[in-house]
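Common to both upcoming complexes is chain A, partnered first by chain B, then by chain C.
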Partner chain A sequence: MNAVLTQVRDNRSNKIEPVDPMTPAPCRVMRRRRENHDTFTLEIAHENGLVGFEFQPGQFNMLYVHGVGEVPISISGDFRKSDRIIHTTRDVGTVTRGLARLRAGDTLGIRGPFGVGWPMRSAEGRNVVIVAGGIGLAPLRPVIYQILAARSHFGQVALLYGARTPEDLLFRREFNAWRRKGIVVHETVDRADGSWRGHVGVVTAMIQKVEFELVGAIGMICGPEVMIRFTVNGLRGRNMAGNDIYVSMERNMKCAVGFCGHCQYGPEFICRDGPVFPYDRIERLFAIREL
Partner chain B sequence: MRACDLSAIGILDTVFLGGPFVDSGYKVRRTNAFVVAVNCTQSGGTCFCASMNSGPAAAGGFDLSLTELIEGSRHEFLVTIGSDNGADLLRQVSSRMADDSHLTEASNLLKACSQRMGRELDTRGLAECLKKCYESNQWENVAGRCLACGNCTLTCPTCFCSTIEDTTDLGGDHADRFRKWDSCFNGDFSYIHGGAVRPTIRSRYRQWLVHKLGTWHEQFGTSGCVGCGRCITWCPVGIDIAQEAMNLRIRGDRSAAGGKEN
Partner chain C sequence: MRSMVQKLAEHPFMTEFVDEQLELIARGAGEVEFEEGAFLFREHEDADRFYLIVEGSVALKIHVPQTGPVPIQTLSAGQALGWSWMMPPYKWHFDARAFSPVKAIVLDGEYLRRLFQDNSEIGYRFLRRITMVLAERLQATRLQLLDVYQVAT
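Right after this comes the complex of A and B.
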């Protein structure tokens, strides 16, 4: 499974080279885009002529900033553009601040991709409801790209997206294109500013705006745990089953391969068994404080 | 190496070699290790390997194992060969063939030792029981005594958690990454943006004990405890994992709120 993915193809010899899962591959920032006051997107390419980066939506990479440290960051890019690795993150910690200082041409280390992603296969032929809070849209954007690339393979699709303020809503420049290609997008903010004409309130209130049938649909949720909790309740209120609702979990992570022990969540290793779980698998754990 | 530690190595093999990823550093050290096991004919006051099926005799995984036979002025070792490397080594040491009386003597000593354990831990149904104990008021009880010093995790032969330390030279041209042992009792062990997931000693001790005796089974198919008793010996305030597990078994379903769970 994952071990197969931690290989890179050498473009010159066309040989698949196994890589020690703890060794970052040298990479270079090709482009950097500021998304808002604390969020930015990096487009990254492998050094040394190594290409062919494949991943599943929902998987993550470990990003290493020279001499500073390493953090797990989900992949926010398009699976079809395998020459670029795309990450969107906020500068909120020591390492992510280091990432925020990188500019085109700077180097960093990457290993991955790791983890179990969103259930794209089982979503085929079904309605899909995607619920994101703030930066939580980043790991879900590859899902949207994959749906758009094979739109007829999926039923009706809605994106419910909430953030603190209009400025915190990510990727808004793409929403119109997504809508044109048949994805319903409902945006909401906790606090509006003078320019905001949209909805104000928590993202869970958007669930009632979904006009298509949610029984038998697939749900995908990424956001703060409290938002996940209320969203699951809302989706269950529309008679969705716990094993049709998938959530992305977050814990401290040092290794991403099950060696360091940091990401344990009850019996689960978030890095290896997740980060995406069917909700009924972790429901028992979700109710436990400080787990 | 004692039988409990040898069992612990077997458990670590599953952690570092048995999953989808292989820890290459561990694998090299493991492949090059030559193991001489020493069976215990006398248990310590905090030992409970017999409860955990990990001793007092080493069941396997050694190149040679020794059982000390003492009677009056006679002092001998019964040696069991566990591998070709072990046989090669033994050929270079003067020895004579053991007979049935030696085997019986060793067997009796080991059986007597397993009946004189300093501690006992009833493991029947314990992992299932702990699943219902997450909100038990027993965690407050132990948290009131625990100093979160991490001694138990430092002396435990199966505690495998690690962290990474990053360093650079002053010029910033050269950087090193060191993998270091880490303890789930450390405050920043569970840190994610915004704070620690387990800010209280209650939740950290719970993580340690429930992992060791409970969730380890789901993760790796065995208990994470080999009954070496070192966490008891080295706890500065005398917290006893066997006693705490028993307390949870008896009273663990009483929640902090005073009501019954489930």
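Right after this comes the complex of A and C.
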């Protein structure tokens, strides 16, 4: 469901009220978890009680830090836990640093969810290869949760995950549980010291470790744009079609509803038409450096 | 029991060779196994072998003074390992250490060099395959150098 956060229940009156998509809903941080040196996860609940917050894996919310500003952050949580909105991000900018300073009990505003997510319905009955780089695993974690919730509805599934160093790998505590439930997980890092017992190399090199058939499979890629380009080449080398490969794009999103044009990407607005696109729809845009 | 020609034919590196060529290559081939932690070769030693990994993973490491061995890359089943046997000074540039129990086909480097001299068709195909592997690894190295994860995603 392409839901917008329009339903909010006032605990005192038990009245369900609509919220304008341009108006941040008052929310409160319930829990904050430090994932690594620069990445953290916030568990957020609506101030007045949230009525079945629904989202598609790959959608994002606009998070508003009072007095600082607003920033688009993908949802990284489990769609079944509708009482909490989960966001994982890095503290690399003014607003995200403001988010990083929030603690349990602090308030913030949320608009959303926005955008087009991953093609979960198209993926049903097919093999799935998920390729994530760095923080790019956060918008893909809801995909994994949805697959795990209906594992028999999907074919073979592989997660290929690359990060800069072992310390940068996100959600490692969940990998074994994912493996036990039938997802092949290959993790790799670009650089490591001698204590690292895992794989070293770029994530694109992991594609050849996928042992199942990729022709007809669905590919989902999220990470730095350069990594996306190399990954697409790798998947095409396994004869995947461009319209079976989906990528999550990032530009400077402001309004989140396709009005302001800040995130215009050729004829597309990332916030409204994306952030997830079938690769063949935007392939030609990758070659235009001015974009 | 499968012959060495069959085993070579099943390895992804050798897919471009025909049986007659594989028979010639197989004359310089053998099978080896390494326990986890064993060295396939060490930096500065004579580079006289070419490996086709059949099972397991191998970590390539370089020794950094006052730091110790630093892993550079991990290679796995289906991949080729080592090209220092092809060109002078025929010395390994890295350590190659079994990351897990490893089974591999090992080809004699000196035998291969002589074979390439005598049979330019095999030499061409072999170098073509090696070049593809080198190109992949060069691209991967460039991607590593870009340090893409430092940029916000």
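In this text, the second predicted complex is superposed on the first by the 273 of 291 C-alpha atoms of A that agree within 3 Å, B and C clash if a C-alpha of one lies under 4 Å from a C-alpha of the other, contacts with A are read in each partner's own complex, and residues count from 1 in each chain.
Here is the rule we use: a residue touches a chain if its C-beta (ideal position, glycine included) is under 8 Å from a C-beta of that chain, and two chains touch if they have at least 3 such contacts.
All figures in this text were calculated on a predicted structure; none of them were measured in a lab.
Of the two partner chains, chain B is the only one that A:Gly266 touches; chain C does not reach it.
Applying the stated contact rule after C-alpha superposition, one finds that A:Glu250 touches each of chain B and chain C. Residue contacts after overlaying the shared chain place A:Ala163 against chain C, while chain B stays out of touching range.
Legend: residue contacts after superposition of the two complexes on their common chain; A:Gly69 is shown touching chain B, with no touch to chain C. Legend: residue contacts after superposition of the two complexes on their common chain; A:Met227 is shown touching chain C, with no touch to chain B. Judged by the touch definition given at the top, the superposed model places A:Arg289 against chain B, while chain C stays out of reach. Of the two partner chains, both chain B and chain C are touched by A:Val92.
In the superposition on chain A, the residues of chain A touched by chain B in one structure and by chain C in the other are 90, 92-93, 250. By the touch rule above, chain C contacts chain A in their complex via residues 57, 59, 61, 67-74, 76, 78-79, 99, 136, 139-140, 143-144, 146-153. Those residues of chain A that touch chain B in the shared complex are 1-3, 6, 20-22, 66-70, 90, 92-93, 250-252, 254-255, 257-262, 264, 266-267, 269, 272, 284, 288-291.
The touching residues of chain B, when paired with chain A in their complex, are 15-16, 19-21, 23-24, 131, 134-135, 160-164, 166-168, 172, 175, 177, 179, 182, 184, 189-193, 197-200, 202-203, 207, 211, 215, 218-219.
On chain A, the positions that touch chain C within their shared complex are 90, 92-93, 133-136, 162-164, 168, 188, 190-194, 196-202, 204-205, 208-209, 222-224, 226-227, 230, 250.
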